[in-house]
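You will see chain A twice below: alongside chain B first, and alongside chain C after that.
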Partner chain A sequence: MEIHLLKSEMAVALLMGWLLLVDLFMPRIPKRYLARTAVVFLLGITGWLVWTGAGVGERWMEGVLVGGGGMFVLDGLALWGKEFAFWAALFAMVAGMRFAGKDDDHLVERVFLQLAACLGMMLLASASHFALVFVALELVTVVFYVLVASRRHDGLSVEAGVKYLIYGAMSSGVMLYGMALVYGATGSLGFAETARVAAQPTPPMLLKMGLLLMLAGLGFKLAAAPFHWWAPDVYEGAPTPVTAFLATLSKGAGFVLLVRMLTVAFGGMKEFWLPVIGVMAGLSLLFGSLGGISQTSLKRLMGYSSVAHTGFMLLGVAAVSCAGLGGVLYYLTGYLLANALVFGVMCETSGENPYQEIREYAGLGARSRWLAGALLIGLLSLSGIPPLAGFVAKLLMFKAAWQGGMTVLLGIALLAAVVSLYYYLNVIRHMYAGEPVLTDGLRVPYGVKLLQGALAAGVVAVGFFPGPWWDGSLMIVRALAGR
Partner chain B sequence: MIAANDCLLMSGALFALGVAGVILRRNILVQLMSLEMILNAANLALAGFSRAHGNLDGQVMVFFIITVAAAEVAVGLAIVVILFRLKKTAHVHELAGLKL
Partner chain C sequence: MLLWLILLLPLASFAVIGLFLLNRPRLASMVSAGTAVTTAILALAAIWKGNSVEPAAVFSWLRVSHLRIDFTPEWDRLAQLMTFVVTFVGALIHVYSLGYMKNDAGKARFFAYMSLFMFSMQGIVLAGNFVVMFVFWELVGLSSYLLIGFWYEKPGAAEAGKKALLVNKLGDFGFMVGILMVWSIFQTVDFQRLGEMAWLSVTGGNEMSAELKSWLMLMGLLLFCGVAGKSAQLPLHVWLPDAMEGPTPVSALIHAATMVAAGVYMLCRIFFFLAWIPDVLTVIAWVGGATALFAALCAVAQDDIKRVLAYSTMSQLGLMVMGVGLGGPAPAMFHLTTHAFFKALLFLAAGSVLVALHHEQNIWRMGGLRAKLPVTFLAFLAGMLALSGVPGLSGFFSKDEILMVAFARDKVLFGVGTAVSFLTAFYMTRLMAAVFAGRARSEAADHARETPAVMLMPLVILALLSVAAGYSFLGVKDALRDFAGFASAAQAGHSPLAFWILAGVPFAGIAAGWLMYRDVSRNDALACRAPLLHRLLAGRLWFDELYDALVRHGQGGLTTVLNWFDTWVVDCCGVKGVSLSTMCLGNLLRCFHSGNLQTYLIYLSLALVILIFWKLALF
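Moving on, here comes the complex of A and B:
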């Protein structure tokens, strides 16, 4: 049995069970303490994972660790995905706890659901069999239906939940039908068998159809145009900490799956999927950047911004080089840190109010220099100002696109970068120069200051010293492609 | 004797009906039913291909799908019930709080 490969997943599952049982049988313990304990435990598991590499250390580099008859792999990409899931869940949990009122009865359930989504992405990062892909992806998505609609008394939240549910379930169904067609073409649901059939000189028509349907379904999860229309609505309606989680975790999960699927299972069909990914990248860049211009709500703006970032990352996927795919992982790191920073500030400023008009941020510089500074660094990194992480990430994407000879896409990407720079700077202009709507000072607790300071330092460090992150990403991708 | 092609045709028709139902119908409950139809189209295709290939992978997958679909519908109906309590409607076109 290879059950030891699942140590980190089992730890999270145990934590979830423990949380529910304690909440049920010891109702006297305040929910906030329970939630904090869960965060501390998750931090411990994260530390263990980072320190020991999920108990397998550096062994993944010598050979792939496979479990469940090829269903579950533990390689560099899997470990990277698990770490990403942990950090995304931690930031979202902390933001959610700050956002929750003192007498929130559902705090523990919410933390439980966030842990479940985290577990889903951890499994997804290791999945190399379509059955596990489906179950893990549904674990993430179904949890998000509940989380998005979790402000039950708020019409907008429920409405966003319904929209996410209908379109999300449809995209899952489309993806599933694609899997069925792939099974029809190959006779197996494993990635290895699929790769063998895909490497034939003329892959069967069924396989192509299946891949196309799967890319459509996955495009929805990534908020890639033309399947992006749900993103601004759901981002706006969902409670802010959930939006933060949605923007980071579901994006990371989608890209880890996309990278593994396209390189491992469909590596032999590059000529077929390259144009598809290229078109998705171009459309996402255009819709994401142009759609954001006229937005008045910061949350909707972040929705369009996430579409544009998907476009940049798809550019790296379309480059089909180790530089491009490694760049995607680097991009995701910077994206996670900057988003955690921006959404963290949004949770601090708005409290219970889910509506985030940009003009309400006018005068934030005077209300709290700390929050304004954190938002500034987050937005500048997202817009790609040197020397922050977002700049290096975008540069890597441009370079990969250039080396891949995709001049048209590169042109669109440069245009998108300039246009999105406009709307990010617009928020910053409001923040420092706008006529204030609210003037009351904001008090920020030390813990939050510490977290935001660490995040900002992370954004700067990843941008200033890209070496270690870049080398790590490259090593992971090389190991994946070398198989 | 049912061939894999017949299964594919039948499931393709079900899939198309399901997608059309989700996109064209405006009642959320009908949309949920159409979603089930998409999932069942995949089930049918998997079972048919499983037979054609002579292995059981596809049929095992069907069990996973049935389980996950049940969870999805449970969550979906719960959200629709909340929506109905708040807005007294189950129609998509009355969901205009978030501009599309």
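Moving on, here comes the complex of A and C:
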């Protein structure tokens, strides 16, 4: 295997090993310094990846490198997925450090696990072979089993961990079974061979069955209805930074895989999978938006919100056009930034509000203008208010759906957008107009202010100047579809 | 690069003051004034380089299918001339404001708004397409609102700001619909691309269908709505006199020299395009002429020094609009430039009088200021003579050009213009006589003292320009003579008869004014001799009352009905019904999430089974 293609993955793996060894043999180094060092290193790797395009070259969005006999590809989508993984991990690590407080013995271990999940998504983004897909996906999922249950003294966290584990194990099983059926149909696990069989006029029954089972398994990762049942419970129970990580990295990984799998491996079976994706999109939109209305915990609400957003993105996948798929990547960018903002604020207030009750956000506007502003921008972007990133993202999805002729789905999506606006605005109403429970000011360190300011600026910039992001996403998807 | 600096420096100044310097008024005023002066110098440098200034980087803002919105600074002769006016007059007025606003409590806020205004105004000037222009158009409206209502604790100022905003919105709505029509007819909003199209269409214009013609007519009129709002043309003129509640430098900069001229500038910018719809131009010319005459009449009977000047501004804007409508954009821009100089001068001189008199604005409580404020008097005199169009000063040259076009095109409008010219000289003489001649008629006027040098210096510079800007050696006169965008404009011949009429009329006006107001008492001579006429004019033909009644009875009745509809039909049946049913549905869906893992797994298996049956067994 051409080992140089794995440079960025190896860098992360080395960082993980170094972190573990230093933590083990030099216990006197304060944990938060180690964690901060890891953040700096990861930032360095991210910078390097952005700068060089990992060897694919200057026009990395269109170039492609293949290794491992077609198992591992390095193209625009792969690099995009890796960068997404980096940023998601960075935000989650910073949030985790803020959440943990000063004396947390397991901080470095958690950072290690987060890096492992990041590594999983990096591999997944490049995988074009079902064996690698499964290994990478499980690397992400298994890490999350541990992370979700990592507050061992908190009953809710442990409960969520067990639920996630059992539900996830079943989904993985379903997915693995699907892969086995694909192997049975094609005699290979590579995407290229699968594509050849799928392009036949009447693809074998086994292949169809395999695809359905894999979509069900992926539905779990994406929290797409009707496979989303775990999401609200686990989102609520998991420690807040883990929820943030789950909402961003897990979703990003699922969509990168979905986009590659459906365009590259199963591009020939559009008529078959299109209705399935459409139904999943519609159900996710309904469950995600309607279910969130009467929630009282912001974390649980974010669980429903995440289901609804999956619905919006599936709308783009269902449009089976470059505009739709490119829109998904754009959507994920805005979604990552807005979620990092919202969960960042949640971590800041988690000390006094462990269950993230919405009514305890009352008076936040007066207590800390900064945090309230960050939460405001994050929520407004999630609900799709112009000129923020979420607005353009939704617009792109609607446009793709319209051009794809999916009028019913578009109607459901518009309805869902309005309904979800209600529950986001409800939080904002509490924040600025509610009768405050606590009145003392919240102190926010400068570093956090800087990060949140940058994120908010990012949300505005991506929304106000959609050009470069949109062009990049489109170029990546066009290159993928063109091969 | 240079152009971006000219555009963005004021924005930076606004941001810095707004974010950091609100508690440090002295520094804030220095930052703002310094920025304005720097911008003016940069603008001069850019104009010096002219068309050879390196093209600013295209900044593509928005691309949706084939709608493309770029921030590309337009830098043709028209933009250069207007940039010169905006930055130069702006810089002088900033310096003047240092003195005028010296002891105001909200000084930092004032300068922040002024910087915001400079940014927005420069944006209009450099805009290369309708959408960008509209964005800055609205920003200018916002900063104008903020500055009119600057002393928001005064109820009059707050009301005036609101009025200006609402009336402008009315015009802007038409403007926006017009822009949408441009987009739908031509599939582009870019001035240059529209220009290319219009050239094509002029040659084949005869084959235009009647339907297209009427659409174009509607489009032109809607675009003119924006102009009518911003440049205070009939019937959207009511906000401008009230806008004088703002600080005097604001009146000078925004409501005399630059912002209100933005409408005229916009007309010139799209002239190539309007020239193609002659009917619209005719409407524009008549609206302009009517405004000019109406405002000049109103100015004769006002008692407030700033209101006289406000009506005079309106009247001159009417002349410019008439000029464009008659097919003479170059004379209109020429008059815009000279008018910016002498009207800013008049306002600043009036401000100087107000400072000396502790903000006494009634001209019948002034008098005898010639000896007490000699510099202000001379400056005011220069402005007055230029405005009246006395031969040899800038106002004469520019007004002469517009009226020459009128003479060649439409004799009736030439008559209107001549009447306006006469009235202008008349009411300005009245103003001069009441303010500067005779004896002091109030205690404040008796104790008046000349204002500080920082305020007099801009006065002197503007006075020199007001005198000289008309001569061709300064280049203003011929700046747009061979501007490509005006290729289809009328070339007026020179008529000796018109020339002698125009040269004589100002003297007639001055003489009439002097005869009537030579010995000023406490009261208006017109009110004594023709009380009915005076009441009619002082009441400004009761436009405000008419609008008030219209709003109260027409809109008021409509809102009562709508309110009933909203309360009982929309809220009760619509909103409550929808929200209740949504809530119920949400609660129903929530029941699925029991928290029980076994149940979840059953759902999962069920979903899987249904999926497989649906996709594989049924088909």
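Everything below uses one rule, namely that the second predicted complex is superposed on the first by the 474 of 483 C-alpha atoms of A that agree within 3 Å, B and C clash if a C-alpha of one lies under 4 Å from a C-alpha of the other, contacts with A are read in each partner's own complex, and residues count from 1 in each chain.
The definition used in the following text is that a contact is a pair of C-beta atoms (placed from the backbone, for glycine too) under 8 Å apart; a residue touches a chain by one contact, two chains touch by 3 or more.
Fair warning: this is a prediction, and the values are worked out from it, not measured in the lab.
Engineer: Look at A:A169 in the shared chain and tell me whether it touches chain B only, chain C only, both, or neither; answer first, second, both or neither.
Structural biologist: After superposition on chain A, A:A169 lies in contact with chain B alone.
Engineer: What is the contact status of A:G44 with respect to chain B (first) and chain C (second): first, second, both, or neither?
Structural biologist: neither
Engineer: Tell me which partner A:S294 touches in the superposition: chain B (first), chain C (second), both or neither.
Structural biologist: Touch partner of A:S294: chain C, not chain B.
Engineer: Is A:A180 in contact with chain B, with chain C, with both, or with neither (first, second, both, neither)?
Structural biologist: After superposition on chain A, A:A180 lies in contact with chain B alone.
Engineer: Is A:V276 touching the first partner chain B, the second partner chain C, both, or neither of them?
Structural biologist: It touches chain C, and chain B stays clear.
Engineer: Who does A:Y145 touch here: chain B (first), chain C (second), both, or neither?
Structural biologist: first
Engineer: Between chain B (first) and chain C (second), which, if any, makes contact with A:D233: first, second, both or neither?
Structural biologist: In the superposition, A:D233 contacts both chain B and chain C.
Engineer: Between chain B (first) and chain C (second), which, if any, makes contact with A:P445: first, second, both or neither?
Structural biologist: A:P445 contacts neither chain B nor chain C.
Engineer: For A:A131, using the defined touch cut-off, is the partner it touches chain B, chain C, both, or neither? Pick first, second, both or neither.
Structural biologist: first
Engineer: Taking the contacts chain A makes with chain B in one complex and with chain C in the other, which residues are shared?
Structural biologist: Residues 162-163, 166, 170, 174, 229, 233, which sit in both footprints.
Engineer: Which chain A residues qualify as touching chain B in the complex?
Structural biologist: Interface residues on the chain A side: 130-131, 134-135, 138, 142, 145-146, 149, 152-153, 155-156, 158-163, 165-166, 169-170, 172-174, 176-177, 179-181, 183-184, 187-189, 229, 233, 236-237.
Engineer: Where on chain A does chain C make contact in their complex?
Structural biologist: Residues of chain A touching chain C: 162-163, 166-167, 170-171, 174, 205, 208-209, 212-213, 216, 226-227, 229-230, 232-233, 272, 275-276, 286-287, 290-294, 419, 465-467.
Engineer: Using the touch definition from the top, list the residues of chain C that touch chain A in their complex.
Structural biologist: Against chain A, the touching part of chain C is residues 60-63, 582-583, 585-587, 589-590, 592-593, 595, 597, 600-601, 603-604, 607-608, 611-612, 615-616.
Engineer: In their shared complex, at which residues does chain B touch chain A?
Structural biologist: Contact set of chain B toward chain A: 4, 8, 11, 15, 18-19, 22, 28, 31-32, 35, 38-39, 41-42, 45-46, 48-50, 52-53, 55, 57-58, 60-61, 64-65, 68, 71-72, 75-76, 79-80, 82-83, 86-87, 92, 95, 97-100.
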